[in-house]
Amino acid sequence: MMETYALELIQSGKRIDKREFLQFRNAEIKENVIATAEGSAYVKLGNTQVIAGVKMNVGTPFADTPNEGVFSVSAEFTPLASEEFESGPPGEDAVELARIVDRGIRESKTIEMGKLVITPGEKVWSVFVDIHIIDNQGNLLNAAALAALTALLNTRIPKLDTEGKVLRGDYERKLPVVHKPITVSVCKVGDKLFLDPTKEEESVLDSKLSIAVMEDDTICAMQKQGNKGIEFAMLESMIDIAIEKSKELRKLVK
Amino acid sequence: MGKKTDSELIIDGIRLDKRLPDQTREIKMKVGNIVSANGSAEVAFGNTTALASVHGPRPLFPKHLQESQTGILRVRYNMAPFSVTDRKSPGPDRRSVEISKVTRLALEPSLFLDDYPKVTVDGFVEIIQADGSTRVTGINALSLALASAGIPMTSLVSACSVGKINGTLIVDLNGMEDNNSESDVAVAMMPDKDIVTLLQMDGMLTKEELLHLLGLAKKTCGKIYEMQKNALLEKYRGEE
Amino acid sequence: MMETYALELIQSGKRIDKREFLQFRNAEIKENVIATAEGSAYVKLGNTQVIAGVKMNVGTPFADTPNEGVFSVSAEFTPLASEEFESGPPGEDAVELARIVDRGIRESKTIEMGKLVITPGEKVWSVFVDIHIIDNQGNLLNAAALAALTALLNTRIPKLDTEGKVLRGDYERKLPVVHKPITVSVCKVGDKLFLDPTKEEESVLDSKLSIAVMEDDTICAMQKQGNKGIEFAMLESMIDIAIEKSKELRKLVK
Amino acid sequence: MGKKTDSELIIDGIRLDKRLPDQTREIKMKVGNIVSANGSAEVAFGNTTALASVHGPRPLFPKHLQESQTGILRVRYNMAPFSVTDRKSPGPDRRSVEISKVTRLALEPSLFLDDYPKVTVDGFVEIIQADGSTRVTGINALSLALASAGIPMTSLVSACSVGKINGTLIVDLNGMEDNNSESDVAVAMMPDKDIVTLLQMDGMLTKEELLHLLGLAKKTCGKIYEMQKNALLEKYRGEE
Amino acid sequence: MGKKTDSELIIDGIRLDKRLPDQTREIKMKVGNIVSANGSAEVAFGNTTALASVHGPRPLFPKHLQESQTGILRVRYNMAPFSVTDRKSPGPDRRSVEISKVTRLALEPSLFLDDYPKVTVDGFVEIIQADGSTRVTGINALSLALASAGIPMTSLVSACSVGKINGTLIVDLNGMEDNNSESDVAVAMMPDKDIVTLLQMDGMLTKEELLHLLGLAKKTCGKIYEMQKNALLEKYRGEE
Amino acid sequence: MMETYALELIQSGKRIDKREFLQFRNAEIKENVIATAEGSAYVKLGNTQVIAGVKMNVGTPFADTPNEGVFSVSAEFTPLASEEFESGPPGEDAVELARIVDRGIRESKTIEMGKLVITPGEKVWSVFVDIHIIDNQGNLLNAAALAALTALLNTRIPKLDTEGKVLRGDYERKLPVVHKPITVSVCKVGDKLFLDPTKEEESVLDSKLSIAVMEDDTICAMQKQGNKGIEFAMLESMIDIAIEKSKELRKLVK
């Protein structure tokens, strides 16, 4: 019902909540919301709510990158967040979201992984980002990417004691985060392009192109989503919209 | 939060976080914070924060799980990986399987599930910050979430922890206290009916100590019950 | 059918097998029933049958208890035992039972864990108790706790060879077991309290309070079970019954 | 039980546990020992002990697994964690998956499953002590359990192991013999029909040795068959 | 195949395997190679080989997964343990879960699933040799398998990878190039409709580079499309 | 339909594809088909298609065989191969097939495991054989055993660098394979015995006796399969058929 209505509105150039097509919902970002994490953020985008928490552990480097830390992103679509989400191991949507966020940060070299070595080839810092979806009212990916970036930006590296054990609550320095990639998903219904879909809009869109953009407009990750194809000729304008919007969203991130 | 320690945890009758033995931490409650759920709540006891939501009543699949005479309540208690000092791997462990069960049993007596044959009411508790007493915090949150979902209830369920540290009987253990306690007890009640729906105890207590702690728990649950009612009222006021 | 009858009997002050309300069924306990285990026991309580086996392995201590052995209890509700039990990983009832038995033994310091160190901080004995439910005719928990305690009481620690390998079948000393906590589940239907329910009684009871009691009447674990609540005022008499009955059951354990 | 060894396992024609080559260990059988099951049995060959129970015939869920023309037999073979010298983690491994399958196939030929469309007969084998020959011990137990459940059977199924150690052909391998054998063979039969329902062989044998061992197995299965019939009779006698 | 390296990967405009920047490896296609499937194909790009098969349309169980208005496409992408240099443990990992999803989405736009209410079309991709560009090779194969299964399609789907190494924009990355690329992009299209159905990009590219690469991808998909049509024709010719 | 027809034909002494009862379908064997594997083979038996790949890894020996390499066979019945096969962990048929192939090779001492030691008690070569079923048109086991043996016969052991890391693509020597056990499954319908069943024949056979035979006619593994029993008196002729046929099949393996 609401979905059909949302679709008809878009086709006639309007949106269910009266926003402009390229306008995001109100975004609220809180830093350091989880006392038990080394970094954290809460993002509310309209009624979509996401928490990202960062834990820093001492681990072993991968064999082919002995002089780099380890980075990993996981996402849980908690059954809190939507009646469609189920208990159990992450489904394909949670895995995809985590992997897109992961690539956006990893490929842009947002974290200086070379500065996370404790003993070369033996001991490095592992950065675990966990994204917890609390309420799904559309556009989870953009909210999650904002939350992950914000959480990383306020992450501190704990001190180690003389035996190399982590001293939780005692910090040595900030995590070296040197970029701010922003992910923008450009949504498409027919020839209409719009941003930040509500849940109703999301269920009727044709397709979505999610693009992660750097400060200098370089693109560092991209993923087409949704059940329908995208006309080749429309790609450029979708990319332009993402580049443009990323500048605005980046201002939200301290 | 919550390591083993050799230090005293109560000095001159005052706990390390400045509380008196029978004092709870600051308690915060918010109802209706999750739009996508039929009911929801957030409850914090100090640095322990639980989110709860309820989906349903909804039909249960696959069909052969349905009960023809009654509805069923299903509960999942889960801890976010970042909720604890050492990252918890996602997914259920034995502790969360047990807590999911006792949480369900703590709430079932308050529901009229017979009114909902063949359906399920699904309750979810997410601990996003853990500093002791997580299961009782979760029960308080899920009780509010059930009420806010409009599920008919005979009473709200209120829960708290009590225990013994350094020989003193205390209320609302934080993580450090929990890990160094001589005993800890989790209690849930329907306070207006004097009915106990959760009672779990670990550690060593004489019968007299236990009864004294149960008295403390009853008093505390009564206070929490009032706060829960206020939190619900506030939500409905907000909606007017 | 039988269940309704059992319920009506209880309400009128009688039991389906003519026992007194506070009377246990006949208990048969056999020690050392499993040749491959370091300790074992078979408990038959009425028609309920449980086997507990103890395996002693060399392991690593937990980081926060470097000078203590490791203790672990698992339970399998084998599909032998009841048509309700299914193959697969332990369900919530098996997990709960194992955790209650675990706590009753762990919190009461029944095993001197400090005496299980081989090399401080590096090598300790791990005590694995596995509870195998063979036939479920009610009151599994009390039978399982009796079986676990009896198995621990007859457990022997194997010798190690010069390289630190376990010499199965050759023993060095007994496992240091210094207490005998006894778990008694007090069952409730309305205002009636009774013990050791049959399977039929178990399916109609309102609730159950399981209490582990030490030699000196100290209580070391407690768990409410069952779908209904317990009047606050009834707790004390339930505790009294458990304390009293524990003395009698303890005599069964050698 | 059952390590590798370099010592001789047969000295002057006598095995380490004093048995002759074609002699089984002491065999014990008990029927009906599990009240909660439709049928049950316990069978021990020396220190190898198998419990078996049968639930059903009962309807099969989910429905799309049902066969409209016939009932199905499902079998789980499982070893208790304490049944072996080095504790076995709970849950199925590849060995138990295979043994569950061959146990089912060993018993299916004895059943009239066509009489039970859409239903399942579930058989469970638990090895609580393992000292070699566990699969055949389990088949003997499950055969008795099926019979005692009143499932119509064309014949009891009887099983034993045979093999070769130190060049000698032997019957009923214990754990030590199994782990040091040149070959071991597991056989199940419907002895009154001379039908083989299980035949598994490992190791190296000439055709002549193999045929000789099959002969030994046939003879031994015949003896076990008589014991099984007696065990069933004893149960019914006990019930009168 | 496909380690990290510090050496140059393009020397004087020629790639290590002698290719020009915009040149694909040798492409082989075979349709109908799996008798047991409703449709099947094998596609190789150099040393990357994908097998694909399609089962269905067939009824979907359990029933509560059925969609009353439309059929569904399910896709599994899997890598054989021996397909990579360091043996891959069997079973899905996060990478294959994601690729299964994007493969499904790359093919769905080409199908008329509304014509098949309540049923499922199941597509399977097995990578038996991996030397880069496995997901696009799999999509090409599964597209052929769907067509050869007679599933009505609005168009074939054709896919290729493009990327940037040592500052040069290239087509069809092999494993070594993939692991040392500055960026790689996977593209699937319905070439006769100019519709993009897969677009994934990693690494760093300016908008101009990206648009240039998309142009290269479009051209390459067009060529692959012709080869796919020929492969289908050849199959039907073979059947006459 | 086809199945009933196949059954009737067999009972009347004929086969659905006009073969003799003891005749195999045409067999095509290709070596070294997988560039990423240390050894590999493709076997096509009629329309049944199987790939076996061998990976050589450096691993730790088992405690009870410190001076031997490690050997392991897995099978995946890919859902490509049959509409009955499903995604997910190996089912009982895949596990059984892998274990029969494993035993046939292991018990016959086909690989000289003592020659796979790198550092005694510490580092040995692990031989992983993975059998991938591509198309199931009957008699998977015989095809899989042929593929596994052929793959092992062309397997090369990689060189190690000075730090003990595997140099993929650089080889030191061939895997020491010293025997050629051949598995033949003898199928039975009533008193009819036949070999190499098609898929239709397989679905109607009473039982099957799979026998692995050495060059000198020694038998090194055997497994009865199928839902019905085998008359004791028929075993010998089944064994004879397998011994005889193994000689012919062995010629296919280079």
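In this document, chain identifiers A, B, C, D, E and F correspond to the written order of the chains, with residue numbering beginning at 1 in each.
To be clear about the criterion, a contact is a pair of C-beta atoms (placed from the backbone, for glycine too) under 8 Å apart; a residue touches a chain by one contact, two chains touch by 3 or more.
Treat the numbers as computed from the prediction; the structure is a model and nothing was measured.
Touching chain A and chain F at once are the following chains: E. Common neighbours of chain B and chain E under the contact rule above are A, D. Against reference pair B-C, the listed pairs C-D, D-F or E-F yield one interface repeat, D-F (criterion: more than half of contact pairs the same by residue number). Chain centres computed from CA atoms place C at the largest separation from chain E. Rounded to a whole number, the gap between the C-alpha centres of chain A and chain E is 27 angstrom. Separating the CA-averaged centres of chain B and chain D is a span of 50 Å. One finds 57 Å separating the Cα centroids of chain A and chain D.
Annotation for chain B: residues 62 touch two or more other chains.
Chain contacts: chain F has no residue touching two or more partner chains.
Shown are all chain pairs that touch, namely A-B, A-E, B-C, B-D, B-E, C-D, D-E, D-F, E-F. If you check the complex, the residues on chain B that touch chain C are 3-4, 94-95, 97-98, 100-102, 105, 108-109, 183, 185, 189-190, 193-207, 210-211, 214, 218. Chain contact summary for the complex, chain E toward chain D: residues 61-63. By the touch rule above, chain F contacts chain E in their complex via residues 34-37, 40, 47, 49, 51, 53-55, 57, 74, 76, 78-83, 87, 89-90, 128, 130, 132, 134-137, 168, 199.
Residues of chain D that touch chain C in their complex: 1, 33-38, 40, 47, 51-53, 55, 58, 76, 78, 80-87, 90-91, 122, 124, 126, 128-131. Contact residues of chain D toward chain E in the complex are 62, 64.
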